[in-house]
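You will see chain A twice below: alongside chain B first, and alongside chain C after that.
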Partner chain A sequence: MTVATSMIILRYALRSWWKCSLSIFAAMLVSSCAVQETASPPPSLTGEGGPPSVRRLTEVQYRQSIADIFGAEIKIPGPFEPDIRRNGLLAVGTSEVAVTRAGFERYDALARNIAAQVTDKENRARLLGCVPENSTTADAACTTQVLKHYGRLLHRRPLDPERLAAYVQTAAAETRRLGDYYAGLSFALAGMLVAPEFLFRIDFAEPDPANPGRERLDGYSKASRLSFLLWNTTPDDALLAAAGRGELDSKSGLAAHVDRMLTSPRLTDGVRAFFSDMLEFEDIETVSKDGTIFPRFSRSVMNDAEEQTLRTITDHLISRNGDYRDLFTTRHTFMTRNLGIVYRVPVAAEEGWEPYEFSEDDGRAGLMTQISFLALHGPPGRSSPTLRGMAVRELLMCQHVPSPPGNVDFSEFEASSEASPVTVRDRLTAHRENPVCAGCHKIMDPIGLALENFDGLGQYRETENGSKIDTSGELDGYTYQDVTGLGEALRESPATVSCLVNNAYRYAAGRSVSNAEKQWLNWLEDNFAQNGYRLPNLLREIATSDTFFAVSTGGGDTNHAALSETGAD
Partner chain B sequence: MTTSILKSACGSFRVYSLCAAAAVLMCAPMDVRAEPSGKTKGFVLSHFWYAMPFEPDDCPEGLAVALPGGINPPKLYDAGREGDVPPHLRTRQRAVGEIDQCKFPQAFEDPIMRTGKGRVAYGLNLDGTTSADDVAPNTCKHENYTGVDGTPGVDNQLYRVLGCINAYRADAKFQQHVIRDFIASARQDGQVTTLMEVTGIDDAMNDDEVEVGFYSSTNPTLYDAERKGVPYASLTVSDNPRWQNKVRGKIVDGVVVTEPGDIRLDHYQGQALPKHVDMYMRGARLRLELHEDGTATGELAGYNDLESVYNMEFAQAPPVLPKSWGYKCPAVYEAIHRLADGYPDPETGKCTAISTAYRIEAVPAFLIHQKDRLSGTETASAE
Partner chain C sequence: MAATFDRRTALRGMLSGTAVTVALPLLDCFLNTNGTALAAGGPLPVRFGTWFWGCGVNPQRWVPGKVGADYDLVEELKYIAPFKDQINVLSGFDVRLDGVTNEPHITGNFALITGTTPRDVNTHDVPTLDMVIADAVGNDTRFRSLEVTATGNPKDTYSRRSSSLVNPSEASPAAFYTRLFGPEFQDPNAAEFRPDPQIMTRLSVLSLVKDDRQKLVRQLGARDRERMDEYFTSLRQTEQQLEMRLTQPPPLEACKIVSDAPEDRIPEGYLVSAVIDNHKVMSELLAMALACNQTKVFNMVFSNAFSNLHKEGMIGFHHGLTHNEAYDEKLGYQPESAWFVERSMEAWATFVETLANVREGDGSLLDNTLVFAHSDSSLARTHSVLGIPMMTAGKAGGRVKTGYHVKGGGDSITRVGLTMQQVMGVPTETWGTGSMETSLPVSEILV
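Then we have the complex of A and B:
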């Protein structure tokens, strides 16, 4: 090796190490700063925040909205346009996506289908609330009644008279053309379902009487933000009514409705949606494993695995009002017979779910030892400590890991060579000793190696190729011997708490955090700690804060640079 | 004693099912000992069928024939045996010209069936004798086989019948192994599930006292895409006491062997023979090898009750099947009674059961007993 070659390798090594270390250091700095802050009342950030946003409904939000408005009997066939992940969250991506031509055609077909179901013979008596005098001619009174009611629910605010009149007129024209009252009404309803006011959550700002010259979100926009944050669906009638009466503009009125929503069983839907987003569960749909290596893998196992993790989370955070950090160490979960085969545990219930607690001997504790995490972050035929380590860093600690440099020679680490190492740890040691790779692998691999007692599907094992698996490692100065220790390290890491608070606020706001909001987030994190890391409390603080509803005015978006390092665009 | 009482009370196999519940109460050796301490290993049977070596000299006279004398059924027997057919059926079936041979085999003359005269078979030496001239107590005179592993005095009289039927043999030119495939499909389709549980294990290699349970389950046995049994499934033990059997045993060099015991399990032959019937084996003994990967293989040998085995294999066959599969029901009925070698009726001296051997392949499973009692396999990796 020449001196020049050595210098090139050294340069790459330093560069990659620097990139990784810098990003991790930055995230740790944010975390440590946050916990050193003294708790104090939330700073006034009136007039800061982001601009009014326009966010496309996710598939789940669309489906749940239709179910809430028209009933679960209404079928919603077919796929949707995929959501886009930005800065680590689909929720942020919803502010940046539009509707493609193909996507609009899909929405149009769905709208016609849904409207036809609402007005068909089976459902019209239950859903329409009035009967036209003649089923072949227009009936303005009945049509107005129906469209006024559903227009308010679908568009999440009352229709203005001109808009309502236009819809009624459309229904009448189509009734005359088709000679069928319900077909005409269906046409107008379909129009409401493809309107931007339904497909997008559109913020409307109004002058803020308490701060002349500034703006605030209007009551209906607040209602939508609250409902989609806490219930992941459209506002209910009570919330829209409260918005109409201006109750959401007062601290006490807002707090009362937030408390109502936090104590509703529907909070579970909101929390599930948040963690599905944070844990990138949309990818579970496309996970595949080699059936010859993992014959126990199936689509139904993965569906149950996703549900298991979401049940674990909502049970711990809502039903038990538990400490968020305990999700990294908890042995409580839920089990189906389908999952029991992979976990190799007995399940008494022949159908459905039953609570389950792993014993200390099972070697499982924390979300990262569940199949949803272990199987999701790995290739089809084996486990990957690197991908698992990266997932922990990025998803649970909000630390960005750069992509590998383009000139990596992967053949050096392949297991198929004659002198192939016995275990994954042996192969990854080669990574960490190569200066080009070491910078990033040193922050990922020790985490992932602690999870090596679980194969690519998440089944427990103690050996690999006949050698006992070494699960010891170190996370940011915290050394451990096994995955239980890793869980403790994650539990004690300031980064995991900071990550949750950061994600929760970005999920709520649908955008990256602005620099001006940094102080607010630090306070929020402190408050979260002082209240025992309880998620409902964190959601309450966000949902009742001025910051959540603040609207930046004019001058573009200069304060809107992303603070988080998570998820490069 | 209980057997003879039941036999006389229950009469022929046609009304056997009516007496089945009583038989369980009186005949089944439900062991009521306290649950033994120690570890438990649960299994679900991924394969459970007759163990048959298919030697070339099994049937020197040839395989059984389905259609002696053409397609006509055998003649109805004389008036004495015809009386076994219930009058209402006799009238109705006569009206359409034929009595079902397989449901009422006694109503016909007994055509002679070609049966096995080979030398080698799977099974165990159930009666402890090695010579046909040496008739052990509670048995009937019969020829012995030599075991596939060389063991002398192996008893497997049912192989002399099944081993000479076309559809049971793997090497037949037509319909080979079709019965086994039906059975395998029924198990893979979840129609019948059989569980085993070894309890009280203190030493998995050598243990003087363990208990082995045999159970049926209404949960399906799970198979992967390669038709291999899926290990570590949770399966609920049927709450039907008919299908709950326990016998004493021990472990010798990693092999579970049991004392003789009676076993009654749910049996389903497949869609061609669509009714669930009981498998009732008397004096059954298990020899089960426990493997490091958690699986187990072995043999279950004992005396199949004649009525039970005829019900399982032949009684439900619609007219077309015997013709296609290579047997005649009256001939088979006569053969199993002629070759029966166990549990003689005290009054007639005729044996009521026939020695049999099953091949078992099992994967580890969690057996869920009623009232949420859990028992499970060891958690050692099976991979």
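Then we have the complex of A and C:
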């Protein structure tokens, strides 16, 4: 039964059946030749970066920017226009979404709401830094001070003098109209908050003195790219100041700021955002389990499960500066009471989080054995080896699994289901025996079957309908007996490593990888391996590279569509 | 009535901070003699909307045997019996794939609503039917269109201008109520007309935001320039909403805000009972919005295309059932899946009833509306895009005949979309691309 459901919940472009086997073959090919022999420095790619990019802030980036600029006290009521996933990442979608009419209405209401809070009685003393001479008339000096300060932070670059003057003038005119200094100021601020310069990260190019006739990103555009990549928020004052002084245009200046950002506790926010995107955690909000089948399911368990995985990741990759590949085998994690009930482990702390280490006998090792992964990829009432296997292939290995043929005939599957199957493995017989199914399912089901010791919610079990669960399988030629073995196989798979590097770069650039960048990505992968698969090191290489900041203007008619896909296929 | 308050008068009233008071009660004398139009203003508005449900029907239990008037109602359609005279059933119209692979539950639906079979829905930049119609008729209402889902998931929407402009659905009844009838609502029947003094302020701020446009787009690539244009178009629409609020709307007899803000019971996990309840609440809000002329175009999603509807204790979703559930040879269908189809048709009947219950002029709100109901496939079990089930409800202000079953005989499904556009006054002779291009409306339902 499982399978059929899962076959249909596929989300990516459908290919005809014969392409299925081709694609798997290609995926394996990519994996097997992913590790390059060369270790030469990255070729310069100046001029290959495409036109200046325009990326809409994600909901998290919007919220974090407001909190950083005005303080966490400011309430930010939703809903937001949903972010859109493209080519496997929301980050790529940010370069494609615009703002719908309903979306603008929401941003406009949010902007007025936030601006009103910033200027209300409770917050104005803390946030405005000056007091008008008279609260019912305009005060150009105070208004200029406030709007200059916040204009620079909100638009991530200083406002042009004329632009600032226009905002100040509007504030003054509206103060006169409404007879209230703070109302006029508030509306001007709201204008800054709904302006495209805030809602979108818009790159600006300038002539490149080192390469006459060419252009480069200006310092403020660089500051934004760095800040959203490493901290997932707007650039702080220090970074904007550095951009203003031209420090980000020199190798050493750039390196110094990247180091400052990599050693800041805020790196955690950046890494969390990257993995939330890669693991499709926005879907955790809507995942649901049937209450009668899984009474331990609750919204708070799912929220904790998401947090658990993100804590596991940042603890391992940042605090311990660990090897990325060990995330597939690690037994270190964190627990809450809430989670302890589902994992069936004792948790001493009544409130909050405590570190936890699974024992070898617990049968849990690696991210894919955590509830966030196990519960996210399955229907409401049971586990789905196919969906879990597909998630491992697509999210962790960047391999595209084709959709089933539109006219797939389920009669054979139903026939095999009716032969009273005991375990899921029995039910999936048709997937293995029918050649139409087997081509794709053989790359998904064996992975998912290794996770069958975990039910639909992720609770441990050894038997299904009284029969011992067989978790053995094979991943790209690596055979295993259980989920620990699957973790080892994933750890050793070149695909998981190249997937991470590819995702990290696409996440950073907000677009697919161009042909010209592939060679550089190969180098980056080698570099990642040679440095022990440390994520901070990978981020440093990206954030200090020419490739990350490359831009080509040339009349602005180059289209992102001209950039070809790589990696995922 | 409204004519006595031009924009300048309104502004003066607003600037001096005094309310402008007008006589209120809408008596029959405000309507023309046949009750189809306001005596002082234009005719009663004609609205268009879609009503979507996922995973189709069992054709042999849904398609009426009889063609034309007084069609028969088989099992899955029996729920519409009380409104049969106001509903047309359209069967046997096909999506033509033109060599494109059928991506289950997606290809058929987007072909139906855009007239073009999508190769990849993520890059399919053809506007949906509702957007084309909204562009033609939606400019003089507060909202150009309203998107609503009963499922609780705001991502359940099929309305879009392009792949980068996907209209989000309202999923929370409380938020929907506030958006419609909160502080920015202008009751057309209010005794006092007191424009918000902040409207001019907001307009001047938006005008300031627009000023930088040229500088921003100068160096962008073509696609990004388009995206910026889309942003500024959306900004312009908010300006238009504000400008509209400077003049008093003509009174509307049917506009009665009958309820307070509803309890915010957003369905979780697509639990079908909760979705059905929420659909009723959302339908009532939407009907009030239409009666108060807040929009002329809407999209209601009852269930998503990969129907995630779920019954307590069930292992999977409605969608899963359509593939997994054993086919009952004796019955000739899958009984549990059919149960979900019947719940969908029951909900459709509720929606029609909700519009029919609002009195407007000498008829009902439904009489002045054209609702286009459709799914994403016919028999979901095989993902068939042939004969995707469709219906219309309402007479569109007298432009459409109802109570007919029209059989398409394998004609292109775009004939129906073309008909919807022509009824709503979109000046188009043909619609659709490739082998789905057509200039033949469904004349059987045209007056």
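Here is the rule we use: the second predicted complex is superposed on the first by the 514 of 569 C-alpha atoms of A that agree within 3 Å, B and C clash if a C-alpha of one lies under 4 Å from a C-alpha of the other, contacts with A are read in each partner's own complex, and residues count from 1 in each chain.
Just so it is clear, contacts are C-beta pairs under 8 Å (C-beta built on N, C-alpha and C of every residue); 3 or more make two chains touch, one makes a residue touch a chain.
Keep in mind that what you see is a predicted model, and the values were worked out from it rather than measured.
In the superposed model, A:P158 lies in contact with neither chain B nor chain C.
In the superposed model, A:A205 lies in contact with chain C only, and not with chain B.
Once chain A of one complex is fitted onto chain A of the other, the partner contacts of A:G253 are absent, as it touches neither chain B nor chain C. Of the two partner chains placed by superposition, only chain C is touched by A:T170; chain B is not.
Of the two partner chains, neither chain B nor chain C is touched by A:G244.
With both structures placed on the common chain, the touch criterion links A:D362 to chain B but leaves chain C unconnected. When the two structures are aligned on the shared chain, A:G291 is found in touch with chain B and with chain C.
Once the two complexes are overlaid on the shared chain, A:P536 sits clear of chain B and of chain C alike. For the contact definition in use here, the residues of chain A common to its chain B contact set and its chain C contact set are 291. By the touch criterion given at the top, residues 15, 101-105, 107, 120, 122, 144-145, 147, 153-155, 161, 163-168, 171-172, 175, 179, 197-198, 200-202, 204-206, 208-209, 211-212, 216, 218-228, 230-231, 233-235, 237-238, 241, 268-270, 306, 310, 312-317, 319-320, 323-324, 326-327, 381-383 of chain C touch chain A in their complex. Touching chain C in their complex are the following residues of chain A: 1-2, 4-5, 7-9, 13-16, 50-54, 79, 81-82, 84, 86, 96-105, 108, 112, 163, 166-167, 170, 173-174, 177-178, 183-184, 187-188, 190-191, 194-197, 199-200, 202, 204-205, 286, 288-293, 299, 379-382, 403-404, 406-408, 410-411, 414, 417-418, 553, 556-561. Here chain A touches chain B in the complex through residues 291, 295-296, 337, 340-342, 344-348, 350, 361-362, 455, 459-463, going by the rule given at the top. Residue ranges on chain B touching chain A, taken from their complex, read 219, 222, 224-226, 228, 230-234, 236, 366, 368, 372, 374-377, 379, 381, 383.
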